[in-house]
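Look for chain A in each of the two complexes below; its partner is chain B in the first and chain C in the second.
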Partner chain A sequence: MCFTIRKGNVSVAVENQRISALAELAVPAIPAVPGRGIVLWQRHPLAMLNLRGPGDRAFRDGVRQVCGCELPSSPNSSNVCEEGEILTLGPNEWLLVADPDTRWSENMKIACATLTDVSHARVVVHVEGEKAREMLAKGCPVDLHAQRFPGGTCIQTSIAKIGVIIHKLHNENDIAIYAARSYAGSLWHWLTASAAEYGYHVVAR
Partner chain B sequence: MILQAYRLPQGGFIDRNKPLRFRFNGRDLQGYAGDSLASALIANGVHLVGRSFKYHRPRGIFSAGSEEPNALVQLEADARTEPNMRATQIELYEGLSATSQNCWPAVGMDIGAVNNTLSRLLPAGFYYKTFMWPPSWWMKYEHYIRKASGLGVSAHDPDPDFYEHRHAHCDVLVAGGGPAGLGAALAAARAGARVILADEGFQPGGSLLHETTAIDGMPATAWTRHILAELASLPEVSVLTRSTVFGYFDHNFLTIAETVSPHAPRAPRQRIWKVRAQRVVLATGATERPLVFADNDRPGIMLASAARTYVNRYGVRPGNRAVVFTNNDSAYLAALDLHRSGVSIAATVDPRPQANGEIATQVRAAGIRMLSGQVVVRARGTRHVNAAEIMRYENGRTAGAVERVDCDLLCISGGWSPAVHLFSQSKGRLRYDETLTSFVPAASAQAEQSAGAARGVYALADCISDGYAAGSQAATACGLSPAPPLAEPVVDRPSPGTILPLWRVDTDHTRRAKSFVDLQNDVTTADLALAAREGYVSVEHLKRYTTLGMGTDQGKTSNINGLAILAEINAAQIPAVGTTTFRPPYTPVTLGALAGAEVGPHFDPVRASAMHGWHQQAGARFINAGLWKRPQFYPHPGESLQQTINREVLAVRRRAGLVDVSTLGKIDIKGRDACVFLERVYTNRWRNLAVGKARYGLMLREDGMVFDDGTTTRIAEEHFLMTTTTANAVRVMSTLEYWLQVHWRDLDVRLTSVTEQWAAMALAGPASRKVLARVASADVGDDALPYLGYREMDVAGFPARVFRISFSGELAYEINVPADYGLAVWEALLEAGQSSGITPYGTEAMAVLRIEKGHIAGMELDGRTTPADLGLEKMIAADKDCIGKRSLALPALAAADRKQFVGLVTTDGRSAIPRGAQLVADSGHPLPNPILGHVTSTCHSPTLERPIALALLSRGRERYGEKLYAMSPLTGANMQVEVAHHVFYDPEGKRLRGC
Partner chain C sequence: MMLIKCPHCGARAVTEFTYGGAAEIARPADPVGVSDAQWTDYVYMRDNPRGVHDEVWQHSAGCRRWIAVRRNTLTHDVIATADPGKLPHR
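For the complex of A and B:
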C-alpha cells in the first residue's frame, strides 16, 4: 500500500513492524477453552481505504477502471475481487480492504472520489465455526441467518455497545468483525467470553 | 429420611428410579426426577410451606404453576440464594435446599402471626393512614414495616454465576407449549417457518402433562412426546423450556427469561432472549380462578386443576379425603382423577341447581356424593384444612343449616381466565365474554394472534386445532405456503356444562372471618368493601390502595375475582370496571439476568490507545474520558499525588514532556469546497490559511454557544485535518455530516473520521525540538517548522505528521503516526529524550499546564458560554457568516452582566480553591447571597507556586484586582480571592513560539 506521507514506497520493513491492537491477545499459543465450536483469528496487517463519492454511473465506472473492482450495487453488500474487497458503508461511502502489498492506494485518481487511508483504524477478527452465528447472537441484534444474511452481506451494527461492521464473506460459518482499533481489547474479551460456552481456539491465518 | 407417604404407586411424569434428596426447612426429604419442589413436598405430606405477607397466616401449596400466590420459598442460601421462588415451578434437583419465608422463628411457630389477631387494627390502606404523621418519622416506620411484612431476602454476597442475553429472530414465536402452542409450532414448522416455541415449564406440554385422555389413540403424554420429537427434528425450530415470555413490546419485540438447564456446561445461569418475530402466536393458556369464602386460604385448599396436576403428572396424593367446590364442570375432572387415584371424595359442592354436563354425569355414575345448589361457606382448621362448612345456595343467597364435611383437601374452581397478559402488553383490546365469565382477546394491535385457552377455547381437541390453524396462518402471513391440514385430533372429551358466575360466598354466618381475594397480599373482601366505601371506584386506584393484584404473582389468581367483586359492590357491570394494566414482566425476572454480561468492568467497553500497554507498565493511573482510559499521571514510589503532578508539570516547563493525545477527534476533510465548508463551520477565517499551516478554530452551536474548539491544518490545497476535543469527537463528526447531507448538499466536501487511524502524542517543553531532531528525518528548526507549521517526515523511521502546536504554552510538537506504529514511536521519543530529562505526563499535568496558560476546556465549554464570554470575540470574522453567528446578536447574549472568563488567585496564596465554588461579594451576606460567578477549573500551579483557578464571573473583565469570596457549599470552604486575567503564564506567548 502506498503511503501518502512518504509519497514513495513504504519499505516492507515498516509494514512488518505494525503492532496490532490485539498483538498480546489474539495469540494462538494461549490455551483456549477446550472444544471446537468456535475458531477465532485476526486478519492483520491489512490495507484499508475509506472511499467517498457520489455513487453515480460515472463514478462507478471510474472505480471499476482504476481499482479493477465493481462497487457493490445494493446497500449492505460487498464485492470480492482479486485485488481485495469492497464493502458498502453508506450511499456514498465504501471501505476497500486488501492485503498490505495491494496496488490500491490513497493516491489513486478517480474522478469525484475521496480516498483516505484507514489501514490502522480498525481491527478485524474472524469468527468461524458452526456455532459462530449462535455465539454472535449474544451481542449482535442483527439476524445473521443465511436466509437474511447471505454471503457477501455486510452491515454496521453494534456488539456489546461496540460499533462494528459485520461481513459474511462466503459462507454461513465465517464471519468477519471490524471494530475501531481502540475497542480491540473489549471486543476480544467479549468474543472469548461468549465463545467459552462452545469451546474455542485461536489460530493464525 | 422420610418415606414419600403420599406418592402414588404408579403414574405420572416422574422417574421412580431416580430418587433425589432435598432439604426443606432443615428436614431431609426425598423426591423423584421430574418432580417440582411442590410435588415433592406434597409427596412427603408437607403442605404448610409459608406464612402470609401481612397477617402471617399459615399457607400451603395452592396451584401447580406460575400463578402460585402462596408457596414462595427462599431457594438455597448465601451467594446463590433466591427469594420468592414459586415451589410449584422449581424443578427438583439433587441436594436442593429451600426454606419458608416471612416467618420467625419457624413456619410452624411464627411470632408475626399476632398480626392475624390484631387484624381489625390493620385494614386496607393501614400504612397510608397510620404512618403519615409526623412525616419525618416515615424513614423509621419504613424500616420496621419492611421487616415485619414482605417476602424473602436477597443475597448479600457477590453473585458467583454469570448471565447473558441472546438476540433471536424468527418467523413465528409461539408463547406457551401446551396443546395450542404445540399445535401452532407444528403447523408453522411444517410450513417451513423459523419457529421459536417458549414454555415456562421444565417439561413442555402444559395441560397435556396432566391429561388422562387419549389423543389419536395414544396417551396425551405420548402424543406430546411425538410432537416434540417432530419439532426437534426440524433445524429451524427451537423449543425453549424453563423459558417464560415475560414482555411483549412494540414491533413484535418480545423478551424471554430462560433458566438454563443446570446440566449445560459453561452455560450461564439465566439468559434473556430478545426476540424479533414476524408473527406471534400467544398460546399462554388460562388460569383457574379460586372461589372466595371464609378462611379460604388454609393449607390443603388448592385449585382443582392443580390437584389434577399433582395426581396425574406427579403421581402424588394432595390429600386423603377431598371436597371439590366448583361453579363449573372442569373441576369434576379433578374429582374423577382423585377418585381413581384412591383419594376419597367426601362430596362435590356446586352452587348450580343441577350440574348437568357429561363429566358431572360421570361423577354421579362413580357414586360420588354431589351436593347441588350448595356452597362452601367456610373452611375449618388452621394449619391445615380439616372440614368444609356447607350451606344451601338459593337465588344468590345462602340459606338453611350449616353442614360440616370433614376433609383434608378442598379443591376449588371458580372458572377460568385466559392468560391475556402478553396480549394486553402488546396493546391488544380485551372483551368481556358473559358466557365464559372472563376477559378474552378482542382486537390485536400487533402481528399476533391468540390460540386455545388463551382466547377462551377450552376443549382439548379444539385447543390443538385452534393452535394448528393459528400456526398455519402465521406461517402464511410470513409468505410461506400453509402446512398440510391437520386431521382433526381424535380426542375423547365430553362437552362441559355452563358456568354459574360466583365471585364470593357472602353469609352472615361467617361475618367475622376473612375471605381472601388476593392470597399473596392478604386482601380480603372486607378490604375491597372498605375501599369502595372510601371512594376507590377505579380499579387502578383500588389496586394501589388495597394492594390487590400486586406482589410477585401480580394477582394472577385474584385480579378477575377482585374486579368482579368491586363491580358487585358498586352495582356496576364487569366490563365497565375493566382490568388493571398488564405490564411486563409476566413473572419476576432476576436483576442478574436483566443485566446480562454487561456487569463490573464490562458494563461498558473500554477504548485504549496504541500506547496503552506502555502506560500500564509505567504504572500510570487511568482516568475515564468517555469510554477512553487515559493516563492521569505516572506516580513514582513515595510520591504524593501533588508531588507527581508538580514533577510532570515542571518537566514540561523546564525540559520536555510527552503526553498521549490519541483520544482527540480527527476528521479528514477533502474536496473542492473544503475551505468554504470550514468558513461556515468555524467562526474564524480559513481562506487565507497556507498549505502546511495549522490554525486554532472555534465552532458554535446554532444558538451561538461555543460547541467545540481545536486546530485544523491545511495538508494540501483541498485537504484539511480537523482536530476536536476528546469529548466531542463523535458529536462534531455527526454534526458536520448533518450539515453536509441536509443543508449544504451543493458543497463538494467529504469527511472521514481518522481518530482511530492515528496515534497522537504531544512532545512539549523547551527541549522538545532537540529531542525531536534526534529522531526526525527532516529539519524541525524554527525556519523549517515555525509555530503553527506542519510537515510530513519520518519519526524514528516511521511515516509521521508533525504539527508545531501547543496546548501547554511551551515549544511543542504534536506527532501523529499510523496507530500500529504508535508504541514504537512513543518509545523512540522517550529514548531520544532521555538525556534531556523527558518525562511522560498525564491528563492532570496537562490540565495544570492549560490552566496556567488560561486555555478553555470542557469545564468552560459548558454549553452556556459565547465566544465573548470566553474572551474570544476576536475569533469571529466580521466579513463572513458561520453557524451560530446570528444568535450572538440576541440581546441576552450581548448583555453587559454576562459571566466572563477570568482567573482567580487566593489572597493568602496558599488555600486551594474548590472547583464549583460560588463567587460572592460578601461572604457574610444573609441568604440568599447574590452569586456573581463560579469557579470552573482549579489547580495548584507549581510554576507560580500558588493555587490558581479559572472562573466565569459576571462583568469579570471589569473586576481585575477586585477581591471576592469563593464559597463551596460542598466542601464548606470560604476564602478570599482576587480576580486576575485568565492567562497566568507567559501572556506574550514567547515560549510557545520558541524564541
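For the complex of A and C:
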C-alpha cells in the first residue's frame, strides 16, 4: 500500500508504514509466574476490510465468487478460509481479515456491497492459554465458556468498557481481541494487569 | 445483571446497550402546523409507567442496531424484543 506526500514542489510515493499502536508496549517480557500462564501476542500487520451489504442470496453468491470465501451463515460466527477470515459484526456487516499482501481490497466489485479499508483502525491481540477464558471473564460480560461460545464464535462486546470484537479460534484456548487502535494502550494495560496472577509471556508470532 | 435479548446477537448484558427512551413516540406529521404545546408534548412529555413499558435501546457495544424492548419497569423482566416497530401488540 502506497500513498503520496509532498516534499517542496515534488510528490513522493512512500510505502505506507504499518506501525503498530503497541509497538512500544507488546514486547517480550519475563513471565511474572513461570510455567502455566497466559501467552499474549499481537497479530500485525493485517489487512482489514469492512463489508456492508444486504446479506441476501445474490449478495452471498457475489461475495463467494469475488472473495473465494463464504459469508458466515449465522450471527456471532466466522469463516476461516485460505485467503483470510470473514467475521460477522451485525446483520448487514462483516469484517474481512487477511495478511497485508492479500488480493482482497476495497476495489473488489461485489454488487450492492460497500467495502471500506479499515486496516489501520484496529489492534489485534491474541490471548492464549488454559486460563485465557478465566482471565477475560474479569472484564467481559459475555460467557466465553465453550458450551456457549464454541470455536469459530465471533462477537462484538466490551472488555473493561473498551469496545472489542472477540473471535475464538478453532483452538479453544486461543482468543483474538480486536480493539480500536486508540484504545490499544488501555487494553494492553488491562490485559497485562489481569494476566499477572497467572503469569504471562509476550511472544512475537 | 439485566440481560436483553438482542434480535441479532442473542442475550447480552445490559451494559452493552444504551437506553433510547419510550418506543413509538410519533413525530407530528405536520411539524410546522403544530402548536408549541403539542410540540412540547412530543419532545418532552412521557408516561412513567409502573409495569410493562415499550422502549427503544441501542446495542451500542454489539451490532449497533436499534431494537425495541418490552420491559417491566418494576421487576426488570424483559418480556419481548424485536426490530423497531415490530413488537407484538399488547
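Keep this in mind: the second predicted complex is superposed on the first by the 180 of 205 C-alpha atoms of A that agree within 3 Å, B and C clash if a C-alpha of one lies under 4 Å from a C-alpha of the other, contacts with A are read in each partner's own complex, and residues count from 1 in each chain.
Keep this in mind: a contact is a pair of C-beta atoms (placed from the backbone, for glycine too) under 8 Å apart; a residue touches a chain by one contact, two chains touch by 3 or more.
These figures come from a predicted structure and were not determined experimentally.
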Inset, instruction - Give one of first, second, both or neither to describe whether A:19 is in contact with chain B, with chain C, with both, or with none. - result: first
Inset, instruction - Tell me which partner A:75 touches in the superposition: chain B (first), chain C (second), both or neither. - result: second
Inset, instruction - Check the contacts made with chain A and report whether chain B or chain C touches more of its residues. - result: B
Legend entry - Contacts of A:36 with chain B and chain C, given as first, second, both or neither: neither
Inset, instruction - Using the touch definition from the top, say if A:89 reaches chain B (first), chain C (second), both or neither. - result: second
Inset, instruction - Figure out whether A:141 sits in contact with chain B (first) or chain C (second), or with both, or with neither. - result: both
Legend entry - Contacts of A:157 with chain B and chain C, given as first, second, both or neither: second
Inset, instruction - Could you list which residues of chain A make contact with chain B in one structure and with chain C in the other? - result: 141-142
Legend entry - chain A-touching residues of chain C, taken from the complex the two chains share: 1, 8-10, 12-13, 15-16, 61-65
Legend entry - chain B partner contacts - residues on chain A that touch it in the complex: 3, 5-6, 10, 14, 17-21, 24, 33, 45, 50, 52-53, 92, 114, 116-122, 137-143, 145, 147-148, 160-162, 180-187, 189-190, 193-194, 196-197
Inset, instruction - Name, in rising order, each residue of chain A that touches chain C in their complex. - result: 75-76, 89-91, 93, 141-142, 155-158, 163
Legend entry - Contact set on chain B toward chain A in their complex: 164-169, 194, 266-268, 274, 276, 597-598, 602, 604-610, 612-613, 628, 662, 668, 670-671, 750-752, 754-758, 792, 794, 797-801, 818-821, 823-824
